[in-house]
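Heads up, the next two complexes both have subunit A, just with different partners, subunit B and then subunit C.
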Partner chain A sequence: MGKGRYLLKRLIYIVFVFFIISILMFWIYKSMPGDPVDIMLGSSKTTMKPDAYQALYEKTKASLGLDQPLPIQYFAWMGNMLTGHFGYSTQYKQEVINVIGAPMFNTVLLNLLTMVVVFVISIPLGIATAVRKNGAFDKSVQVLTIVGYSIPTFIIALLSIFLLAVKFPIFPISGVRSAGSTATGLAAVGDMLWHMALPVLVMSVSGIGGITRYVRAAMIDVLRMDYIKTARAKGLREKTVIYIHAFRNALIPVVTVTTWWVVGLFGGSIVIESVFLWPGLGKMLIDGLLQRDFAVVLTMQMFYVVLSLAGNVIMDVAYTMVDPRVRLDG
Partner chain B sequence: MKKTRLMSLLLAGVMAVSMAACGGQAPVTNNGDSSAAGSSSAAGTESTRPTEPQGQLVIGSTTQMGNDFYDPSFSNNAVNYKTYDLIHGYGTVVSDIDGNYVYDPTVVASHTETENEDGTKTYTVTINDGLVWSDGTPITAKDYVFQLLLESSPEMNGVDGYPSQSGYSLVGYQEFFNGETEYFAGVHLVDEMTYSVTVRAEELPYHYDITYASAMPRPMHVIAPDCDVEDTAEGATITGEFTTDLLLKTINDPTSGYRYNPTVTCGPYLFESFDVASAQCTLVVNPNYAGDYRGVKPVIEKLIIKMVRTDTMINELKSGSVDLLFQCSGADTINGGLDLVDQGLAQDNTFFRNGYGKVQFDCSQFPTDSANVRKAIAYCLDRNEFARQYSGGYAAVVHSYYGLAQWEYQESKDWIDQNLETYEKNLDEAKALLEADGWTLNADGTEYSGTGLRYKEVDGELKPLVIEWANTDGNPVSDLLATMLPEAMTEIGMQLNATTMDFPTLQAAITHTGDKTYNMYNLAVGFALASSPWYYYSTDPVWMQGGYNSNWIADEELEAVAEALKPIPFDDKETWLTAWQNFIAVWNDKMPDIPLYSDEYYDFFSNKLHGWYSTSVWEWSRAVLDAWVDA
Partner chain C sequence: MRKDKKNKRSTAAVAAQRMVLGGLPQEEEEVLQSPLQMVVGAFVKDKIAMTGVVLFTFIFLCCIFLPFFFPIDLYYQDVTQANVGPGFGMLKVPSQLKNNAQDLSVGSSFSVGLDKDGNVYEWGTFPNEKLKKIPSSSETGKLVQVSAGLDHVVAVNEDGQIFTWGNDRMGLASIPMDLRTGGNDIKQIYAGYQISLALTEDGEMYNWGSDYLLSISYPEGVQGNIEKFAASTNIVMVLTKDGEVVPLTNKTSAYTQIPEEIQGNVVDLALTDECAAAVTSDGRVYTWGNNIKKGLDVPENIQGQVVSITGGRYHFTAVLQDGTVRGWGDNTHGQANAPKDVTVASVDSGYYANYAITEDGSVVAWGLKGYLMGTDDLGRDLFRRILVGGRMTMTVGAIAVIISTIIGIVVGGISGYKGGKVDNLLMRLTEIVSSIPFLPFCIILSSILGNSISETQRIILIMCILGLLSWPGIARLVRGSVLAEREQEFVTAAKALGVKEFGIIFRHILPNIITVIIVNATLNFATCMLTESSLSFIGFGVTEPNATWGNMLTGAQNGQVIENYWWRWVFPALMLGICTISINCIGDGLRDAIDPKSKER
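Up next, the complex of A and B:
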């Protein structure tokens, strides 16, 4: 089976799964107790006479299409989604497209920087520990990485705030930028990076711990292979053996992890966003759920579904790029 | 003052029922003066108030701001709500520093009230000359009439479902709102500086009727630039191309709309920017502002409102990243703040919350439809100990439907001590109440043995004394109640079944729209300046289904004493106080809720801030006008 045919098959699969999941999601969220219209109108209920409120309630419900049977609501929602209209947020009283941009930017920025930090540190570290397997350096790193990904993120976050923002006030405690800052250009970027330092540090700790161990394990497996011995026997430089012959072949498991990191760029962390007051998609999703803001929640969920499904395909394609032995077939 | 008139009526007086989870009780406080419902300032203020605006104040809020600056009908986010006060001004009726409604003399040159033969009442208000918008355009009566028309119109209702209720209580509102006529009969533009409103007869008498005269200006030249307001015999009307499409552009455009970017306003502060990425709002002083009702103009040049976390906000104050934390509660935060004060690193201001945490009963459900059962539960709880544990000593206990910041409470402290039942923990009293209510049987129908669950025969059927309690997750009040209540309830022969859920599910249960209805919830109540209990204890099912009478209590005695308050003239304080005391005494006997605790709030602020005084009825958005900061 050729690559094109394989991709077509996967695409059909993605579309099928997308619709199945969309029906399930829609049904689950609509089954949740709580009235989104009531929540949307909020204090109007006790600031309007009951008859006026009831009239407003009915009108709002109709304008949101919530007075229709569920199947009709589903088709209306899906039709709008597929044409780029993600619905009306009952929480923000705005179109979803207008409210989702800023938190998405915040989340992607934070995750991207974290990913860069994690991979820049953990890949060389994983290789170095694999090469020095069972040495003092390797054992020290093993202990630290276990500690790194074992401690809950919120504890690392609170510790880092206490140490680096309160005890030794090097970084700000929270926020995206300094209050009242009028900085522009590089100064504004610098201010934002300064505020990102702690959340990135905290998110990187567990990431570095996990990926270092992942790379180390993959490298150790590869370094045992006969072709590595052959390369060394041929008199190749150790760096060439490690980085060209070994690492290339250790990349497959790393590609898996990297793909999910890339997909995860859009996934917000409710813990990090709450502790560091970094308004992102994690908090938006939780708030949306608590406020029964189904337009926001469903938009985000379906976005993640598409990302996950696409991530699988991207991963498969990436495998073929790093290892020519891998064939895409049914 | 808010523009909404309907709100002013009804609701203005209404109390904002905030359903959060809470709990609390006893008159215990770490503050030396436990009776102080006002405030006290710690730091010395040797600094002199500057004559010109200077400096900036960073205000920390535990609520994230939203990008919405029109009014609470679009967003009732607590911080946004205060920002409206700062941006929009010149309401004709405002609340003063003691929480009383007054005509604002800075705005109102004169006013008259006329009682008409048909039972309606007309308020005629003349605006002072010389008031201007931030762009220099003069403010006239047209801007006030425009607000009344705009915010009662079907066109505005088309903007994201805006309620359009401002003129609800006025003659001709329904016809105007329904689009049956272009003229609002109850609103008139008398002359360039005078408008009048006529209130429907059925909305009178009303204790807070002064709020009917309330209006605030909206910049017609910004919101409807090619339109005009004209007066006719049939009422005032907006002429020109006044359409929903126009408002969707001028108000609702995500970048330039007045709702998101109010460039022309008349409050003490002007909207400068809202950083969506950091949810941070910046306001700058309005050089054209004529002053509040006392003529006070702000002298802090810039206000920045940013979000803080409860558990790190004291550190933020210490580090200087915020200058003011308002209405702090909870022992950890308060003790942390007081440590800073002791070290000379900050100042404080304290006052009692105008509301309380409570156990709320559903009085339509068996067995909490019985006052005896409700009171028996109250006797099972040591409220003083509860408040102490919950608040760390920074709370007081109330015994009926009142807030510690209300002037009625201030006037009635001794009376309350002498006349209200305090429901000290007393299991014998609780058992006696249950016996009197008929809970005298075992499961097999024999006489109650003294242990185990009590039963009562109802319509030939034995029913157990089981209380279904709905609460929310991660709520310290729920946790404390779950610790303190069940054992005592078991001892008196009662069973408490707790169910934990999220807030929307809880709300659905309270409003009887969920799958199941419960007997009790733990929530909170806050009293608005115009507290209107006649709505909250009405036996009319409309007010129950409408969310006002959330206790679903149909008690004619309670309704009667609440209803007696409504027609008392606003100036007749003596009659009102007597009726109010009568009401809270009956309430105290009916116990639709168990009041748990009323927090002692603290403002903590940096030493650069001076002249700070705020209370529950004079909140930070008002207090900031009197305060100043070092340059």
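Up next, the complex of A and C:
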């Protein structure tokens, strides 16, 4: 079976999973207590006459499509979702598509930067500890990484706020940009990076801890292989052996872990966003839940589901890229 | 079955004999070790893992057993004890005062004392810095009485001039003109919750500060006829010169239902935050009000002997005819455990502590000494909350792991053993569940389903959500191990014997892969604790008033708390950190112990 067919098969399967999860979610949201129409109409209930309110209520309900039977509501909603109509946010009084742009940018930016930081630090660190295994350097990194991935991110967040924002006020405690900042261009980018420093630092710690350990374990396994001995016996430079021959093979298990870590990272950033008041998707999800804004919550949830499934696809593709031997006929 | 033999006396002879005899059992000298025993043996030698075991077991045992010795009322709150730092200095009377005390007064988390020369001493934890600015003696002259309140102090000198320091907002600094100049004989002063009270010998009462909580109103004919007053955060009551108890309010409450038979006969009066007590001239104590903290349960054997009474926040202390003291009411901090063998001259009670000056002039103190880990913004003892919070966090984690392990074993076991279509179906199911974004889904489920249910049901819900979403990892692992084991001879043997499939999977294969499952469950336990804490931290897990280590940190999210009230986040964070690190170390150690190959790493 060729790579193309395999990937197609996976894609079809993933679309299937997507629909199952979306049905599950739709069912959960529909069983939520609280009436979105009442919430949308807000104070009109007390200010309007009962029969006029009833008429407005029915009208709003029909305009939101809430008077249809559930399966029809689901398909209407799915159709809208696939065409980018994520529904009407009762909280922002706007189409959801119009309000998720900025938060999505913020979240993706935060997570991408974290990924860059984590990979830049953990992969060389993992290789270095594997090469010098059981030395003093390796031992101390081992201890630090186990501490790093064991401690919950919000504790690291509190610690870093205490140290880097309160005791030594180097970085701002929260937000995206300085209040009243009118900076443009490069200065605005700098200001944003300065605000991102703490959240990125906090999110990186557990990632560095986990991935360094995986890279190290995978590298140690690979370095014991015969082909590494062969490469060394050939007289290749140690750098070539490690970075070209060994590392590429060590990447296979690392890819799996990394994919799951990235998916988890986006989910975990909900906590970080709420600590650092970072206006991203996680904060929007929480606000949406508190405000009973179904459309926003559903969209956010869909985003996380799509992200998780995309992670699966990327993992499959990445396997074929890092290791041509991987036969994709599972 | 893999049974490794270990030779205890590994001499060359035995080795040679073994080479000849192959794998035959060598009776006496051969000790048969099961895989589990081997794992335990290797694990015990791992120092880091054993440190983890010791630390975790210690915290675990503390959380399970210490709450029996430090009981907690989850619904208890007390703003007067809010944000008190850790320490036990509240009852540490300065040595200069020990034999020379004139007057002592218990404040919210600090105390103030006066020696016979009129010098003022303060000790304990101060709610604000202004309290430390004691006016100099050149300014005040010789002070004769002091009273400590929530966050301010009132004092009077021998000329009847009143002074105040500490919190000066809410009008606490605006002492009435008559009292500022002196010349009155002040009989009693009182610093309360944002209010100050003073009573002259003529029976005139003055109050200044905020009377928002107390809404003092003087019934006709009371002013000028007051013998003594008592105050709590809810009400002020006075004892008139005719021996009658009069509440200074026009609202009816449990406090105003004064027993008729004592009117005209009362000699002393005291209030707590939920009830009132009066001593009549025949030495009996009458109480009325609410009885949640047992303030109404006067010990029978002191009736008829009581001469005076004082009240704290939820307890009473009575002085008997022979000079001994007795306490009753709330005893959370030992404030009702009056010392048995002292003869006192005067007693002052307030909040959660008492001071008594004995007849020979020394000072005895009992009650709240302080908090080991401080208190939170609602005045709750952090140490007690950490103990029950730990119990909650661990219970939620443990039950979630049990749920996920059981599901994982069943799904993985059936999938691995059956193979084919069943395997395919179950693995797709596993994949679907593992595709569900974990944290967002937990948040949504707990916020939607957790809306209309009780707190206990909510906790059970959290356990189930965690358990139901975290089994795919274990299921995959079990499936893999079962796939490897099912081709072994012992399975064929079991099949030949006619053992049912269910029996083969769970009675024959499972014991062989149990070590792998244990390791995974251990690591999963740490993950579940972390997830529960994260959920509770952002407010979608276990909610107040139930404590978990996660929701104890919720209130510590802003810079002010992080900077000024460090104990509110350091202690829960430390506990949670130590526990998860320990569990991960244990898991790692177990994994190394199981997989001999990993020792080379």
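What we mean here is this: the second predicted complex is superposed on the first by the 302 of 330 C-alpha atoms of A that agree within 3 Å, B and C clash if a C-alpha of one lies under 4 Å from a C-alpha of the other, contacts with A are read in each partner's own complex, and residues count from 1 in each chain.
Note that in this section contacts are C-beta pairs under 8 Å (C-beta built on N, C-alpha and C of every residue); 3 or more make two chains touch, one makes a residue touch a chain.
All values derive from a computational prediction rather than experimental measurement.
With both structures placed on the common chain, the touch criterion links A:A197 to neither subunit B nor subunit C. In the superposition on chain A, A:V313 contacts neither subunit B nor subunit C.
After overlaying the two complexes on the shared chain, residue contacts for A:V275 are found with subunit B and with subunit C alike. Of the two partner chains placed by superposition, only subunit C is touched by A:V297; subunit B is not. Judged by the touch definition given at the top, the superposed model places A:I161 against both subunit B and subunit C.
When the two complexes are overlaid on their common chain A, residue A:I20 makes contact with subunit C while staying clear of subunit B. In the superposition on chain A, contact of A:I173 is made with both subunit B and subunit C.
Looking at the shared chain after the overlay, A:L236 reaches neither subunit B nor subunit C.
Contacts of A:T47 after superposition: subunit B is touched, whereas subunit C is not reached. Taken together, the two structures place residues 32-34, 161, 165-166, 173, 274-275, 290 of subunit A in contact with subunit B in one case and with subunit C in the other. Chain contact summary for the complex, subunit A toward subunit B: residues 32-35, 38-39, 42-54, 56, 59-60, 63, 92-95, 98, 102, 105-106, 161, 165-166, 169, 172-180, 274-275, 277, 279, 290-292.
Against subunit A, in their complex, subunit B makes its touches with residues 4, 6-7, 10-11, 14-17, 56, 58, 64, 66, 68, 72-76, 157, 160-161, 163, 165, 168, 254, 275-280, 282, 302, 304, 306-309, 312, 315-316, 318-319, 321-322, 501-505, 507-508, 511, 513-515, 542-543, 545-548.
Those residues of subunit A lying in contact with subunit C across their complex are 13, 17, 20-21, 25, 28-29, 31-34, 133, 146-147, 149-155, 158-159, 161-162, 165-167, 173, 216-217, 220, 224, 263-264, 266-268, 270-271, 274-275, 282, 285-286, 289-290, 297, 300-301, 304-305, 307-309, 312.
Across the interface of their complex, subunit A is touched by residues 428, 431-432, 435-441, 443-445, 447-449, 451-452, 526, 530, 533-534, 537-538, 540, 550, 553, 556-559, 562-563, 566, 569, 573, 576-577, 580-581, 583-585, 588, 600-601 of subunit C.
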